[in-house]
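I've put the structures underneath this note.
Next come two complexes, and both contain chain A; in the first it sits with chain B, in the second with chain C.
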Partner chain A sequence: MTLGDRLLIVAILISSAIAALFIYLKPFNKELINEQTVIISCKGAVIKKVTLSEKRHGKTFNVMGRIGLVTVETLGKQIRIQEAPCHDRLCIRQGWISRPGQSIVCMPSELLITIEGNSPVDAVTR
Partner chain B sequence: MKKLVIIGISLLLLVVALLKTGSIFALKEYKSDRFMMDTLITIKVYGKEETKLRKAVEEAYNEMQRIADMSDRFPEEGTTACKTSDICRINAQAGKNPVKVHKEVIEMLMLCMKGYKLSKGGFDATIGPLTMLWGFGSEDAVVPSSDKVKLKLPDVGSNLLHIDEKKQDVFLDKVGMKLDLGSVAKGYAAERAAQILQKNGIKKGLIDAGGNIRVIGSNSQNRPWQIGIKDPRKKDALIAILSLKDESAVTSGDYYRYFEADGKRWHHIIDPRTGYPANKNISVTVIAKDAGMADILSTAFFVMNPEEAIKTAEGMAGVEVFLVTSNKKIMHTDGLKGRLELKAGGEYHYDPGR
Partner chain C sequence: MLDSRRVVYISLMIAMGSAIHLIEGALLPLPIPGIKPGLANIVTLLALYLYGLKEGMLVALMRVLIGSFIGGIFLSPGFFLALSGSIASTLIMAFLLRQTKCFSMVGVSIAGAVAHNTGQLIAAAIILENRAVIFYLPILLITGIPAGFLTGYLLQCLLKRSDSSTILNGFIRR
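Here is the complex of A and B:
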């Protein structure tokens, strides 16, 4: 076995190990840095992305729904609809959500707020 | 020789790593959300070719929209939407003439009659006059006076509903009667959508029609689909997790559509016999093969006594029920043992021996 052979072997071993590490760790990256991404969409089109993190201060912002402005509030890793122009106010009543896979639906506004990531369940019956 | 072995091992490592993520043989996921039938409908399917998945999902949504259009009860008489809706036309002709309808409407109404009979009138598709009176979802939902409720009761009753399967027509005996397919249409549409997906070769998929769940095959990890049941009293929490395969789960609860007045909660599931919200259960989940039947049964069992609901479900093939009574007692059929993971907190009572 020449020195070149040995180098080649070591190089292959290291690159395999690095590849394996990357592949195994990838899904957990977001959780490692303790952040969550929230997708806000209206009529099926994404209108805003927000990052939730323990470290960030709470804030409120407006997004345009089908029938008017909807006020969204974030606090740490939680998000909720604070104000909406609908009559039934079901979206406000859904309150805070904080876990991956959870979502808030606003029917009259055709607004959907979803926290990205893997949920322990495939769907929820309610 | 030695180096060949080492190179071989390294490659093996890489392949194992790739297999773990499933990236070599993984099926593609296609997911779509659509606002329809007064709710959000999510369809998630798995397969090899994305174009085929997209086409299948599009066809499923089209079918659901078709069912929605023919069963909508809200359009005003005389509008185009009312002319498309069989239910609107039947209601407009109540006490006057039979109305020819789509075969799907006949199917839905036949399912409703089953629910009516087994719940002894606890479920009734002719509940329209009462849902209109209570006006849930509208700005001006108020508790109606007991006189007004009493006045509507004679206009409710499936004994006055006539379905002619051969002629494919429907007739309501009295002027003022109104059909309301609100507790069957979403489940039925989800069932039709599942059939369309299967016809398109989909072997793994999930339809979530506003919490009415219908699954096809097993989930992406080849395990039964894991379906959470919402905790009826705690926001942001599950009370249990179900394992489902090729079946549906539908829940009726008092916590979703309701309003508060006089210090009381008035929810949207009205007992057609009293005209007031049913008060024996706070959440009822039905697991059945057919999503339309599951939808009807969840409402029927919600209105019934919990013990009677369990007993009725035990007597039906392929039907299971999980319920929370108004005293916060958890009950379920024996068939759920082994595929139910309880998550309930201390505020609920549960006797596993039951």
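Here is the complex of A and C:
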């Protein structure tokens, strides 16, 4: 063990401590874990990706479905279809989704909204 | 120049590296996922020490390749992690061995282990397309120190004993 070795070990320890401070304590990382990606696809093709996090304020946006514009609303970590041109409006009645693995489907629009990630449970019956 | 003696020794090192790599992976239980002593790094470091960057890189890459063939992880995410880690650590160790004078084998090995972990982590972030793996960085930096210390110390013992061992004499006295 030379002096250089010892200095190197100390330098690595210090840098890992600094890295730990930055990574574990910085508030932005809370958001990093809690972020969820929502994939909106039409006819199987991804048309939009949205990131959901608790800090984000609600907003609405339009996506083009097969039979017209569909209005999607996000609020915190939730997402729903607010307005759609379909007759049965089943997609709107599916309401808010927020957990990974959940999805909203609008068949007439051929639109699929999925929250990315694995569901913590295999399935949910309602 | 294609020195056949050299070719044989490099092949031997690759074979030893692959064997150590596999035995280590199969026999040693891992206390924390993704963390192991990286004993196969001894062989890479030996090749770097005896020959140079080109040969060390060759030994490291072939070890990863053969190890992945035997272990059945060729072209899987784990293979790319091992590959990027090996490349990073070999480059760093070659630089420290050749360009600086203030580090012993232990220091070079520690730097190599830390570089290996960092390289793996960067590859993991790219493969998983997820920045959250950076949470592992401080853990991997710290665990690189004992792992590197162990391999570096073992190599130092090996080099010390090389005078009295005929097989190692072949390695050391080119």
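One rule holds for everything that comes next: the second predicted complex is superposed on the first by the 88 of 126 C-alpha atoms of A that agree within 3 Å, B and C clash if a C-alpha of one lies under 4 Å from a C-alpha of the other, contacts with A are read in each partner's own complex, and residues count from 1 in each chain.
In the analysis below, a contact is a pair of C-beta atoms (placed from the backbone, for glycine too) under 8 Å apart; a residue touches a chain by one contact, two chains touch by 3 or more.
Just so we're clear, the structure is a prediction, and the values are computed from it rather than from any experiment.
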Please tell me which partner, chain B or chain C, touches more residues of chain A.
-> B
Counting only touches as set out at the top, which of chain B and chain C does A:81 meet: first, second, both, neither?
-> neither
After superposition on the shared chain, which partner residues are touched by A:4: those of chain B (first), chain C (second), both, or neither?
-> second
Does the superposition put A:20 against chain B (first), chain C (second), both, or neither?
-> both
For A:44, is the partner it touches chain B (first), chain C (second), both, or none of the two (neither)?
-> first
Is A:90 in contact with chain B, with chain C, with both, or with neither (first, second, both, neither)?
-> first
Name the contact category of A:12: first (chain B only), second (chain C only), both, or neither.
-> both
Chain B/chain C common contact set on chain A | 1, 5, 8-9, 12-13, 16-17, 19-20, 23-24
Of all residues in chain A, those that touch chain B in their complex = 1, 5, 8-9, 12-13, 16-17, 19-20, 23-24, 26, 41, 43-44, 87-88, 90, 94-99, 102, 105, 107, 110, 112, 120-126
Please name which positions on chain A make contact with chain C in the complex.
-> 1-5, 8-9, 12-13, 15-17, 19-20, 23-24, 29, 32-33
As the complex stands, chain C meets chain A at residues 100, 102-104, 106-107, 110-111, 114, 131-132, 134-135, 137-138, 141-142, 144-145
What residues on chain B touch chain A, complex-wise?
-> 2-3, 6-7, 10-11, 13-14, 16-18, 20-21, 23, 32-35, 38-40, 42, 137-139, 206, 208, 211-213, 215, 219, 225-230, 235-236, 238, 241-242, 249-251, 253, 256-257, 285
